Amino acid sequence: MGASVAFWVLASIAVLAALAVVLVRDVFRAALSLILCFLMVAGLYITLSADFLAAVQILVYVGAISVLIILAIMLTREVQRGSPSNRFRLPAFFVAVLFFAGIGYAMLNTPWQISSTPPLEPTTPAIAGLLFGEGGFILPVEIAPLLLLAAIIGAIVLVREK
Amino acid sequence: MAMQMLPPDWPGNFWAHWAIFAVAILVFVLLMVMVFIWFERRALAVMQARLGPNRAGPFGLFQSAADALKLLIKEDIVPAKGDKLVHWLAPVVAFVPVVLIFAVVPFWGGAILADLNIGILYIVAISSVTAVGIFMAGWSSNNKYSTLGAMRQVASVVSYEIPVVLSVVGVVLLAGSLSMQQIVAAQDIPFILLQPLGFLLFFCGALAEINRAPFDLTEADSEIVAGFFTEYSGMKFGLLFLAEYGEALAISAIVTTLFLGGWRGPLLPPFLWFLLKVGLVFFVIVWIRATVPRLRIDQLMALAWKFLFPLALLNLLITAAEILFWPAVSLWVFVPINFAVMIILVLLWSKFFKLGWGKVEV
Amino acid sequence: MPSELVWLIFLLPLFSFVIISLFFRPFLNNRPKLGGYITIAALLGSLGLSIWALFEVMAAPGHSIPIPDINWVVIEGGLTIHLGLILDSLTAVMLLVVIIVSLMVQIYSQGYMKGDPGYHRYYAFMSLFTASMLGLVLADNLLFVYVFWEMVGLCSYLLIGFWFHRPEAANAAKKAFIVTRLGDFGFLAAILLLYFNTGTFDIGQLNTLAAGGALAGTVLTWAAIGIFAGAAGKSAQFPLHVWLPDAMEGPTPVSALIHAATMVAAGVFLVARTFPLFAHSMEAMTTVAVIGGFTAIFAATMGLVMTDIKRVLAYSTISQLGYMMLGLGTGGVAIGIFHLFNHAFFKALLFLGAGSVNHATGTFDMRRMGGLRRFMPWTYATFLIASISIAGIWPLAGFWSKDEILVSALQAQPILFYLAMITVFMTAFYMFRVVFMTFGGDYRGGEEGHGKPHESPAVMVMPMVVLAILAVVSGFWNVTGQFGALFGHGHTQGFAEGFFGILTHALPWISLILAGLGILLAYAIYSARWLSAERIGAMFKPLYTLFLRKYWLDELYEQVIVRLVLLKGLFAAFQAVDSYGVDGAVNGLAKGVMASGKAIRRAHSGQLQLYGLFIGIGIIVILACFYLFG
Amino acid sequence: MVGLEHYLILSAVLFSIGLYGALAKRNAIIILMSIELMLNAVNIAMVAFSRYIVPLMLTGQVFAIFIMVVAAAEVAVGLAIIIAIYRHRETIDATKIDLMKW
Amino acid sequence: MKFERYGLGIAKGLSVTIRHLLRRPITTQYPEQRLNVSRRIRGNELIWNKDKCTGCGTCAKACHIGAIHISTSTNLVDNKYEVQKYEVDTGYCIFCGLCVEACPFEALFLSYDYECARYRRNDLFQDREKMVETSERKVSGYFYPGRAAKLPRQSLLVDNDRGKRNGR
Amino acid sequence: MATSTKEIVINTEPFVVNIGPAHPSTHGVFRMRTTLDGEVIVDMEPVFGYLHRGLEKLAEERTYTQVIPLTDRLDYLASMSNNLAYCLAVEKLAGIAVPERAEYIRVIMAELQRVASHLIAVGAFLNDCGAFMTPILYMLRERERILDLFDMVCGQRLTYNYMRVGGVSQDVPDEFIPALKKFLKEMPGWIDEYERLLKENEILLARSKGVGILSRGLAINIGASGPVLRASGVPWDIRRADPYSVYDRFEFDIPVGLAGDCYDRYRVRVEEMRQSLRILRQAIKGLPRGQVRSEVPHLIRPPIGEAYGHLEGPRGELGFYLVSDGSIAPYRFHVRAPTFINLTALADMMRGWKIADAILIFGSIDICMGEVDR
């Protein structure tokens, strides 16, 4: 019961925050809503017993990504004229709704093979095993830093002065 | 995160435990913050050949309380062009994570609100939220000094998080667990001896993350008046102030837990040991504040990226190698080795490392 | 002593490099001497080890000692690369040569480089070079040889361009690097060719395969020629020799070490190392011999007219390397390597002498020297010994090895022998031209503003004396035929028998007389002035100019190969094909596409979100299709 | 009782909101934020699958971690591009960034 | 920052501050603890000797602020003008001491007192009744070394007198 | 995430920040209108006048003696020097001789004043660097010792009004010389302590070395003086160049900087303190007995003419230019305030540095707004 309550509370706040991101006029407030949404998602991870992932979610999304976004908002504050919509607003809305209907239909009508096993706890050693252990995802783990490095260098090159 | 602490269904006896502990910790943190504010002012004053607050109560102990009272009844001002809602929310957002950190700080053997198996990761994650609060404060004040302060804060937090986390990983490797309680349990030798370099880096990085001298650029009073504080008054200012000192207290507690053996110690009761060690670390912070000048923003960045970051990586590498290759050797063997490594690395880097003498080219 | 210690021979200089570059340069830059001491100490250690190794090899059966190796790269079911060393007679001799010359040069550099701001850098590079050279000599498989080969090339680049602030030095470094690289392509191709045909990089196995006839025919020939191409690049053989004279822009000790004794000899060494491959291919042997013989005389002609003392020595080096190649191509490993062994000492000595002269006068231009005999007796004496040695006068070192080469050339191909004979004359002439121009006559001023010439400090003279002694006696090793025996052929005889017995043959006398004539001519022109150099120069004006301009080879490479062949020929042809053939076909198509593109390009509004919208619609359509028809 | 479908529908809702934002907003930073929303929605689905279908495998969580890595890289580059555009063109309005048209 | 001193500079600084922990602070806790002020202190009031004053008005002329108001009778009595009004507005006075220096008859002094803050501006106004010397209103030794000698010795920081903090 | 370090300094629209007039480190009411690009200063315009009191005009309304208290209020951190400079000018104008003992006392006071002023300057500079209050409190403590001495001599701690035309107002009390000797014995130790505290501090070095360089040529061209000029490598000191009072009898060195950066200015000031102590020791030894004030009438009426008296104040060349029309008050009274002129270099020194450096550079000039605005 408690888990249900938690889910409903977290989910509704998350959806509201997400709506705020796309609807609020003030960009800064939109960014704050985004942070709120991220936090709620972290909470949802906890209800899914992914505690490690929840911490990482906060660390990466709240601690780094949103801060970067806010920084960018700050740096471009001279041209911030709120958060207006373009002329595709209506088609975009329909596409979104149709898309939602499509995948929603798919999700509800797929016979998922739900396992009744209780979830693994704690997850941290298991994830470490999966990431670094034998037969795990060691290659992607090694490629990921490469990607990050490329991103960092790319970002530096892009914003470098002259 | 706290799933394994939760019973199958939430309501129940467990709530009592949580509520009592949560309230106790809240009270403790607020009390300690006030005491520490007083402590800092006194220590700083004595080091500066002054006396410091000594009027309100015995030895001026109630000075912080008096200040808090004064702040409570002060007028609350919001800048006319500012963002009222954000301005109001900012102190809360800045303060709440600070209190949350204490949930996983082990005060005693059993005295911990939640012994998470990802305790230290939790701390790192939660503490990064404070930056958002500070940024909100800076933005909503719509003041140039505040904006500058907030930008400095963000820049320093984002860059200092990396060496801090990396130096913590060394400790985690040694303890073999992310749980704070287990880290304390693993410290038959205080990790400051096993991880001298890690301690140094963590301490440096932590000082920068909580904006204490010499990295207090965010509120550098001689440059940008009070940074993101500038437009705050009344209890909102009080909350931000509390958050600042709460962070300092938290960092002291974390350093104590990670490197100084936490509540462990002979003779005295564990709780006292914990307080003693926290006080000691806090005193060192104050001591440093009393002595050194402030860095410039680009030097701060250079310090993080050119000095702390590579050293943290090397420290991690060396620690990992030691654990991997000599798992059976007594840890005492590593004490001199690691000290030697620290000295060599710091000397090497000091030699190679330059942070803009002249004009800044970032 | 355990054989693992052989590793130390090349690790010691490597350590010295690491120590100097990591600790000395950053921390102790104000104490320059230290870097030199470390290098010298490391080399002394290596020297001891290599002498021990030589005696072990001499005593060992088959003149080879096995050394345990390490598996470096193991790919399951495929490639296994060993990290291994080889210690046989060839290696042992080369080790001795490299270490002794390097040691002498390092000691000499203590004086020569004194006060240079890049002192530590110099020693770091020198250590690295020595280490790579030793690694090259020791390596037991082609892959490693190649790695060290390139490292040697890199160090050579760094050292030639040591004074990189001078544009000539920087250009020379680049030129050296690029030209040798041309040869290295051949080497690399040969390595790959061999690997694909045999599946191994191991030199011992390859040699066995070649000797056993398992590897033969075109593959072997092409592989050998490829290796020789690499060797020609490093050893500055005929078409690729142009970099060596320019490389004289580096510090003189560098020239002495790299361009006299070690790196240029690496080519010769490589051929010797893979000799079985050559030995079983007639064509390859002939190529080596012909190019060697031609290079010998070709370079000597240019040496006749140069006025820069180091350039004369550089051409002389090319010429002597040609001799070695000739020896290898006609005779065998022992003959070529023996000449290499002797040549290393006297040529290094010559370079050091040139450096000493430069130290005294501040110039390399011989026209501004003269009369230095009086000012610097030690330098004069040692230089003279080296000159006599290189001219091949009995009984100095040069004589013994040159004689062997001549003998084998005569047996193999008379034309090559005649060329070699003429070269003997030329060698004697140009060497003594240098001696007389530099040390004879009166002092002609030296570099502007440079003080009176003076003898170099003891730290520079001492290595020269040591090398001079070696330049005298090193040839005696094979007097008894022992050196040849080390390489598994020839017969041994008593010392006296060999020492004087040689004079009973006719051939030595011919070469001695030719050399004597060369010396006499030099004396006549440059010392006694019976003949005027200008007059002779005018008389053979075309030849003189040809020699002086180095056969216009530099210009040829620049004008013909780069400009004409590449730009005008190849590229122009491509362009023609491109513009008429390809373009014509494409244009028609393109025009059609363009017409249709014009029609539908309006859909590209440039707005990202419109595209996104289309994508979204597309996904929905796909989803719908999937559910409706799937 | 909350089940897999709940999480999936939540994920779909968030994704659709993000999709709308990405398609309909002019401010490039808002668009970037919407994309982050979509990535988060995907993560929720991943973790939910992992929890309900293979509770002992955690592969979904590992994939979520990789998605976070990619998101971090994407934000760094994306913001850099926005800043660069801002510096050259004094605007971050996505409808005005249309130099690539025909 | 180049640590060419490897952080030794910072360590030195830290040693200085930590040493101060053991030293006694130099602060004086003012209302409870008081120091002896200078014997020549130019205190916050003027003191006027009615008997010696001849009403010459030199003090008023010397004052460049114009804070001294003096009016006298026009007729000489006993070689003196009778002073009818003598007022000083210490609100304007900058305590430069030029009037004391100018007085030819040793009739005007600065006071030894320094706690003269008032709640009302009017209270700063001194008329002749408020200006007499009493036992509470001592005269400063400014310009009068003879009087200075009778005053308590000034507590000096160099002498570490400050440490004693004698009360009143 | 590394990008943030880059983004912090990217070219944003130049934005104008007013530093001051009420800012913690503008040392009085001074305003710098800085144009920033990120944190880098593109341009700086000094705005002053917030403390203007019309002092020069006030002085023209007063007698020559009455002006002396006004000069106290010029550079309120160095009143003694101001008094002395003014008296020198009047003495030159009216041709008044000064007794020997008075000259010595004047030198003692001026040098004590220099030490006191430099203590404030250095302390405030270090405080601007971010050394939280510690150095300035230490230095204020030592300044307190000097103020005690001044208090003993003239009864005031800030506005001394001690010098008079033709001498000093009164002789020093008997306990002054012992107290001064004691001070001189202690002071070098205290200076050593300051040096230990921060001289080699890496952070301070990083912050101030090479920062805000004032080139030698520019320093001379704008007419800078005092430590600011000497830090740029010009050994110009009026005590040497145009000796006044009895300075020609004392031995002392002129500390000179090399680079002309903030650190050099700091070093020059500290070294000058040591030199001042050296002068003080010599002055005590040579202090003669006798009169401290020559016979000067109450109302000085100098002959018609003009005079310029100047001296080496703690902040530079402090000069008073007086024109007399023969009356009891100066006809024209002009002050050459050193920091006013030193301030003109500020914009040139600041351009291209960051805000944090601007504070430092400003602090290293050591201004006193009372003197700048007059």
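As written, the chains take the letters A, B, C, D, E and F, and residue 1 is the first residue of each chain.
Note that a contact is a pair of C-beta atoms (placed from the backbone, for glycine too) under 8 Å apart; a residue touches a chain by one contact, two chains touch by 3 or more.
What you see is a predicted model; the values in this text were computed from it and never measured.
C-beta contact counts were set side by side for E-F and A-D; A-D has more. With respect to chain F, maximal separation of chain centres occurs for C (centres as means of Cα atoms). Farthest chain from chain E, judged by C-alpha centroids: C. Taking the mean of each chain's C-alpha atoms as its centre, the chain lying closest to the overall protein C-alpha centroid is B. Distance from the chain B centre to the chain E centre is 51 Å, each centre being the mean of its Cα atoms.
Taking each chain's centre as the mean of its C-alpha atoms, chain C lies 60 Å from chain D.
The centroid of the Cα atoms in chain B and the matching centroid in chain D are 32 Å apart. With touch defined as above, residues shared between interfaces to two or more other chains in chain D number as follows: 19, 23-24, 72, 76, 79-80, 83, 87, 94-95. In chain E, the residues touching two or more other chains are 1-3, 7, 10, 13, 16-17, 26.
Shared interface positions of chain C, defined as residues touching 2 or more other chains, are 607, 609, 613, 616.
On the side of chain B, the complex with chain F involves touching residues 44, 47-50, 144-145, 148, 151-152, 154-155, 158-159, 162, 213-214, 216-217, 220-225, 289-299, 301, 305, 355-360, 362.
By the touch criterion stated above, chain C contacts chain D in their complex at residues 601-602, 604-609, 612-613, 616. Across the complex, chain E is touched by residues 43, 45-51, 54, 287-288, 290-292, 295, 299, 302-303, 346-347, 349-351, 353-355, 357 of chain B. Of all the residues in chain D, the ones that touch chain A in their complex are 1-10, 12-21, 23-27, 29-30, 32-34, 36-37, 40, 43-44, 47-48, 50-56, 58-59, 61-62, 64-66, 68-77, 79-84, 86-87, 90-95. Listing the residues of chain A that touch chain B in their complex gives 1-3, 5-6, 26, 28-29, 32, 35, 46, 49, 51-52, 54-56, 58-59, 62-64, 66-68, 70-71, 74, 121-122, 124.
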